[in-house]
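Before anything else, here is the set of structures, which you'll find just below.
Here chain A shows up in two complexes: once beside chain B, once beside chain C.
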Partner chain A sequence: MRPTGIWFQSYAGEASVLQTRRSRLWLGLLGLGLLALPLTAGPWLLGEMTHLFITLIAVYGLFVTVGMAGQINIAQSAFVGVGAFAAAKFAGLGLPFWLVVPAAAVVTGLVSVVFALPAARVRGFYLALTTLAAQIIFPIVILALPMSWLGGLVGMPVPAPDLFGLNLATPTGFYYLAFVFAALAVWTGFNLPRSRFGRALRAVHDNDTAAGVLGIPVTRIKIEAFFAGALYAGVAGAILAYFLQFVTVSSFTLFTSVWYLGMLIVGGIHTPLGPILGVVFVTLVQESLHTAANTFMQSGAFMGGGAVFALSSVVLALCILIALIFEPRGLAHLWHTAVTGFRLWPFPRN
Partner chain B sequence: MVRESGAILEARDLCLRFAAVEALRSVSLTVEAGSVHALIGPNGAGKSSLLNCLSGFYRPYSGSVLFKGADISGLSPPERARGGIGRTFQGIQTYPSMTVRENILTGFHPRMKGGVFHALFRTPASIRQEEEFATKAEEIIDFLELEEVRHSPVGGLSYGLRKQVDLGRALALSPSILIMDEPMAGMSPEEKGDLARYVLDIRDRFGIPVVLVEHDMDVVMDISDRVTVLEFGAVIADGTPAEVAADPRVIAAYLGGDAETLAEGAA
Partner chain C sequence: MIEFFQILIEGALVGLVYGLVAISFVVIYRASKIINLAQGEVLVFGAFMLWTFTEGAAGVGWDIPLPVALLLTVGACTVFGVTVERTIFRPLIGQSAFTIFMAGVALLILLRGLAQLIWGAESRSAPVILPEGAIEIGPFLVNSRLLIGAIFTLVLTQALHVFFTRSRLGLRLAAVAEDHTTALSLGVSVRQAIGVAWVLGTVVAAAAAVVLLSGSILSLEVAVIGFKALPVALLGGMESIRGAPLAGLLIGILEVLASAYLDPLTNGAASGVLPYAVMIAVLLIRPYGLFGWRKIERL
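Right, the complex of A and B next:
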């Protein structure tokens, strides 16, 4: 609900995301805080934040395909990988980084269309299996191609990005690079539901039979849903490639794909706020686990890295289960409930 | 009130078979422009099959469908929708997670422009377009008196309101003809009365002819200009409500002992 006393003179104004001065102020403060972070933070925190931003971009892609269009995709990590390898190849050819990122996004989008074609015919569980095939095929293809193309088993080095002579290959540089694209992902993610394409995605999600009869080209929209989702994956992959400075197939696993999906579900699958909350929450849980495990290992030293990996997977599974059982609409819904309650206070929210 | 005359939608000798069941046997139907045309008949008579042939869901075995004089038998449902054949559905087929206005806006999809790029970057052109079509959606919301719930998700609305949203979404396609499959099934008498008035308004104010399948005889006799009666996949009567109600075959097949009261009601 909106706070009282706010009136609009245009439908565009009514559709705006930030409707009160206070919300604009908070967002401005958050943005300033994130921009100023490198002044105080060390390289470890900056690296973590860069990772978080990259993950956020990838999860926004899933929001488009899975959340908006309802087309299940458990190969987002493979699509991020396609973006990373495309970026490594383009950067290796000497393209500047501001050209590499969009080019990698488009290449990833086009690759995803191949795997989206089954979505025209199958849905639900069977579509999940089809995208799983994409995830499995990805390393096989990279390894089978000649070494000189995409590096094969060894992988590919990625030259340092520079912007008009400014070297971005520092923790601060990577941080700002990822920040800018994450902000772009958030902005586009919030734009999507307010558009013709976004409504078509939701229509296909809710009732594709009716949508088809009422003039929405369902097959095309499903394929475009994969394409748009993979654009985000491509951007995430390109930035990850620059950040890691070396890409190998082992960085893009089914596990990561499931993590992405888990973050989206925990955050809230149907609103553009979901990816932010989900990624931040799950990353926090993950990192506190790592920290706890490290302390544990230093004191007792009976837990190996494998145990930490297994433990974090178990915790993710718990998070998803708890979200599905108690709040299938995710953290975003809890947030909306809290905001509504605050605005109505002291009257009860029904 | 604009009343054109002449046939807008014609079915010629439609035959449809599901395995051994003959759903339609050489059914012909002519819908005049500016009329409310009701299809009635006992259960299993082929009413919904005929509607689905008109809107393209089913492909008839033989026969053809003519729309504004052109043969559209080969077109798919989306192509027919873009060509101007709007329809509402039996039961609830709205988009539950979207608001009333968003549901209606989806109906404008074929007339709007812009794909992935305009959606992601919310270009000035797309904002202008949103403004324009939101205004149009509000006109439909105004017509169907849905102002109170324009921002409510449709999934939480009552059955009658959802049927109104379904109707609004069909109107957004600015159809040349509207096909309604059992629009009043499961409605309260008040909701039926409202919907009957909307149907007449659609005919009179927008000049859109309406083809409807309906079981409620009172409503059919009250609002129809023409009634076609089907039984076992064949047309057994066609004419004004009074003519049909007086037809002995209809009385025998369908109306039974109620025929006299109905004839009086229609006269």
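Right, the complex of A and C next:
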């Protein structure tokens, strides 16, 4: 809903993401603020923000597969893991940084295609089960491969990233690195629904039989949706590998996949704004739980780290259930309602 | 040769336990069209309730006789199943497969977190309910706990099969599994069906917990059995009660054969990956499983 008095003389203007000068200004301010953050913030906040950006990239991948194409993917964390291990391997072989990230993304995409192939035969829930199998098989395979290949139980060290002689292995370097790729993810996430591929995904999501009748190659689009989603996961995994400097299987569990899905659902699965809102909201909830638990422990009460994890999974599960039952369109819809209400005030919406 | 048959017998018995867990999947699906991913967690909940009424109660000085403890567990499972149905799945009747799937995923982490908050993460010994030890049959040793479990599985399968195909309520549940809207228009209560499904599912899961855990270690990790039984349920066909133990036999035997003959070659991965490889193969070749209903997609 636009404020009154704004109209367009070209179709491009009507279709653009940022329609008004004011929205462009707000976005510019936000970008400048995020760019200037390392000047004021300490290493802890920068680390948290880097983590948030990496999560955002992975969740945008889910947005493409789950939100736009409607194919359930519960293996995003395993795909991030594939990206991380691929990046560690390539970096260990001495490939330069700018080559490692795309290579890891492509490897992840190809792995995801293997598990998307049943899309030719099954749909909906049954397809989700193949991704579940991917998530469960991933650690088993990594652990069973010879130690010299992917590190097995121990894990793999990752050399520091280095871009044309510029050392990125500082908190600020990692922050900017993750920021650039997260910005790329957001940019593609907002533009994909407006492209031919994005419209095909949407058609498959709404009714795949009807989409086939319209001449859309349904099976190919479904597999491409998985491929595209896994590209994001691969990028996220590569940056995560550099950021953690060491990759082990235990970082990429089914629970992380559920967290990614939960963030997408809480934020809203149908708009590109959803992943941002969901990731920020869930991260805030998680961090405040951690802080609350820490103060709780300092006051003398007994509370193990496991209990904090259990509590945060209960809270996330409740968030998902509340979102599913009461607001399936997620925080993005609430945000949209609030903005529209603000613009039309004092007149009622509708 | 005797060793080979010994392996086969063990695989078959373990497979029937998988079959029992798979039945709890099938029972819920057959009556409500919900594939409950959290079934492993439901099983752990059942096991913890049983522990609470036996060892836990004994620990605080209340000695509850075993039959009463079992009855209490069944009662608690009923309350638990009804609660899940009322609070989570009733508001979602008629929603898309994606919503139901995500509700199952959310339930999974909710139950995992709750179990950890209520009972703690440490592992403990599960109550001994079935006799331990082995029976010698000819040259073979048969684990008596698993043998009793296998017999129980077969009896339960037949009973549930009769219930779902002969009784009036069972047929009504089958109508709900076919299609919620059609069932509603025929006057079948979808709510009642989902309620019955969850009570049956949790009770069967608790029974599976007894067979699986009696006298061994009870911890949160036991929930993995749910993901192992899922391929079994798919192979048997989600609508087929009698398919589940048969598929369980197949996967159990394949798994022990893989662990005996392939694991030394593959660094222990073959037996772990096998159920899921079977699952993907089933989805590719015969998505409705061995004995499931074949559905025709319409526009």
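The rule is short, and it goes like this: the second predicted complex is superposed on the first by the 349 of 350 C-alpha atoms of A that agree within 3 Å, B and C clash if a C-alpha of one lies under 4 Å from a C-alpha of the other, contacts with A are read in each partner's own complex, and residues count from 1 in each chain.
Methods note: a residue touches a chain if its C-beta (ideal position, glycine included) is under 8 Å from a C-beta of that chain, and two chains touch if they have at least 3 such contacts.
Computed from a prediction, not measured in an experiment: that's the story for all the values here.
In the superposition on chain A, A:S299 makes contact with neither chain B nor chain C. Of the two partner chains placed by superposition, only chain C is touched by A:I325; chain B is not. In the superposed pair of complexes, A:A317 makes contact with chain C only, with no contact to chain B.
With both structures placed on the common chain, the touch criterion links A:T209 to chain B and to chain C. Looking at the shared chain after the overlay, A:A144 reaches chain C, while chain B stays out of its contact range. In the superposed model, A:Q9 lies in contact with neither chain B nor chain C.
Of the two partner chains placed around the shared chain by superposition, neither chain B nor chain C is touched by A:T40.
When the shared chain is aligned, chain B comes close enough to touch A:F227, but chain C does not. Comparing chain C and chain B on the residues of chain A they touch gives the larger count to C. In the superposition on chain A, the residues of chain A contacting both chain B and chain C are 207, 209-210, 213. Chain A makes touch with chain C in their complex at residues 66, 70, 72, 74, 115, 117-118, 121-122, 124-130, 132-133, 136-137, 140-141, 143-146, 207, 209-210, 213, 255, 258, 261-262, 265, 304, 306-307, 309-314, 316-318, 320-321, 324-325, 328.
Residue ranges on chain A touching chain B, taken from their complex, read 10-12, 15, 188, 191-192, 194-200, 202-203, 205-207, 209-218, 224, 227-228, 231, 270. On the side of chain C, the complex with chain A involves touching residues 35, 37, 88, 91-92, 95, 97-103, 105-110, 112-114, 116-117, 121, 227, 230-231, 234, 266-269, 272-273, 276, 279-280, 283-284, 287, 297, 299. Chain B makes touch with chain A in their complex at residues 55-57, 77-78, 81-82, 86-87, 89, 93-98, 102, 105-110, 112-116, 118-122, 126-127, 129-131, 134-135, 169-170, 173.
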